[in-house]
Amino acid sequence: MLIQEGSGATVGEARLRVRYAETDKMGVVYNSNYLIWFEIGRVELMRDLGHAYREVEEDGYLFPVAEVTCRCKDSAVYDDEILIHTRITRLRRSLIQFGYEIFRDSDRKLLATGMSTHFVTGRDRQKRQLTDKYMVPFERAVGKVAGPPQ
Amino acid sequence: MLIQEGSGATVGEARLRVRYAETDKMGVVYNSNYLIWFEIGRVELMRDLGHAYREVEEDGYLFPVAEVTCRCKDSAVYDDEILIHTRITRLRRSLIQFGYEIFRDSDRKLLATGMSTHFVTGRDRQKRQLTDKYMVPFERAVGKVAGPPQ
Amino acid sequence: MLIQEGSGATVGEARLRVRYAETDKMGVVYNSNYLIWFEIGRVELMRDLGHAYREVEEDGYLFPVAEVTCRCKDSAVYDDEILIHTRITRLRRSLIQFGYEIFRDSDRKLLATGMSTHFVTGRDRQKRQLTDKYMVPFERAVGKVAGPPQ
Amino acid sequence: MLIQEGSGATVGEARLRVRYAETDKMGVVYNSNYLIWFEIGRVELMRDLGHAYREVEEDGYLFPVAEVTCRCKDSAVYDDEILIHTRITRLRRSLIQFGYEIFRDSDRKLLATGMSTHFVTGRDRQKRQLTDKYMVPFERAVGKVAGPPQ
């Protein structure tokens, strides 16, 4: 699902339910799972923007992770319904950065925020440039569409 | 490490320590991790028999799982040192079956037993026959080497 | 979602999408993830029968896995939409067994089948008996309700 | 294993082998696994400093993650032997920060670096102060031991 912000940016909203396997003996979601949820967030954003990540790979691209950061503010627990809000926060033909917010749906509590930066490469892992097929919808989502003053 | 049993069979012994990420909110190891430990068991057995699974794949084979079973007898907990005993329990050129026992090292308590059956295929996922390079050491491990009475 | 079979049994249908993290270098879903999907299947069946597993634990019960089996028939790949069909296949006050079928949604291809058997215990991991609160809806789902001929 | 640096800091070295389950369809280790490896790094450092994390929890402490960052420089692949170097990079009675370097053992290539910051809490998730039992060995590892010039 896409949400249009007043700023012109597009936010993708993905939804999931915490799995038992994602909890740890502290009784909360183990931190590495947030990175998997970030992936769900960016994949669903891309799908809603018209190009599933499956298609990105079919077109010969890979988006390997260069850097990822997660700040944990509160804990998700088993069976929580989770919302992942994802934005494209930086975009070049050779690099994409996503920002994430993870909420518990029931009380809209912010549980974690994060960021991931991805290189754009070919299957040979060499740098490659994104074509307009991807740049145009991605740029529109950043909210930086060239045009008359808004 | 290889252990020779009186029966003539060879048992591979692998060792690992329970990770925090492998526990769940019940305070014990989540069941799907046993299947990952089984993989460690068979991979280390193959390595000790002379052919790491990495080499199997380099030779163009895959051993996809056809069936896997796990019986949980007791729980592994965080930080336990675990021993995995792996045997080749059935062997054809087109199929390998492994048997597993998972022990806690400190008290040698049996925590789980299991079995996995694997097809032998090529990278195209079509059935393929194992050559003697693999059959000879694997058969020796089963303890069913053809030959004069021993 | 619940599906009523002609036999009188109730089938729970859960749905998920394959995560990148669930794939392995063979390009398909790594086998241990099927056990996590089985958990999703039984949890959603229980929720649809009126009692989320979260509630089961709040009532002081645990359903630790005694045995789990998975037969892999075909491979799930990245981004596939997956359906999990779950049935209660055996029920006693001290034991529950679930049966699973995993389908790819797009072509309804059966990818895997499985079974898991769970003990009913208290938080102290000692055997405990399920009360009617759970037995009545669970028995109804098995399709073996005592009563006049139907 | 502990390594003493010229600076006076102590580096913990942990070792592991890449599991098949940790790879993804890109053929390399999926990024969230680095966070699990970071955990192994800090746990083994603490053990080598005299206090396993299991003991930390038995003493009523938890070290929940406040923030974690990972920079990926190169890819780990299946079956690689991995070294994790862990340092305590910041220490207060209420907060511990660890720094990580992940190397491939065969060619000592740096694959990733990272950092995690942890709150010190009690089981009730309320802030708590580390006692000298932990502060003394941890401070020594930071390389900031009070004393005569060295």
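Letters A, B, C and D mark the chains in the order given here, with residues in each chain numbered from 1 onward.
Here, contacts are C-beta pairs under 8 Å (C-beta built on N, C-alpha and C of every residue); 3 or more make two chains touch, one makes a residue touch a chain.
The structure displayed is predicted, hence computed values, not measured ones.
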item	value
Distance-maximising chain from chain A - centres being C-alpha averages	B
Chain pair, C-D or A-D, that carries the greater number of C-beta contacts	A-D
Chain centre separation in whole Å, for chain D relative to chain A (CA means)	27
Cα-centroid distance, chain C relative to chain D, in whole angstrom	37
Interface hub residues of chain A, defined as touching at least two other chains	20-21, 28, 32, 36, 78
Chain contact graph, described as a line, ring, star, complete graph or other shape	complete
Of all residues in chain C, those that touch chain B in their complex	26, 28, 31-33, 35-36, 62, 64-72, 75, 125
Parts of chain A lying in touch with chain C, wherever the complex brings them together	19-21, 36, 39-40, 43, 52-54, 78-79
Chain A partner contacts - residues on chain B that touch it in the complex	20-21, 23-25, 27-28, 30, 32, 77-78
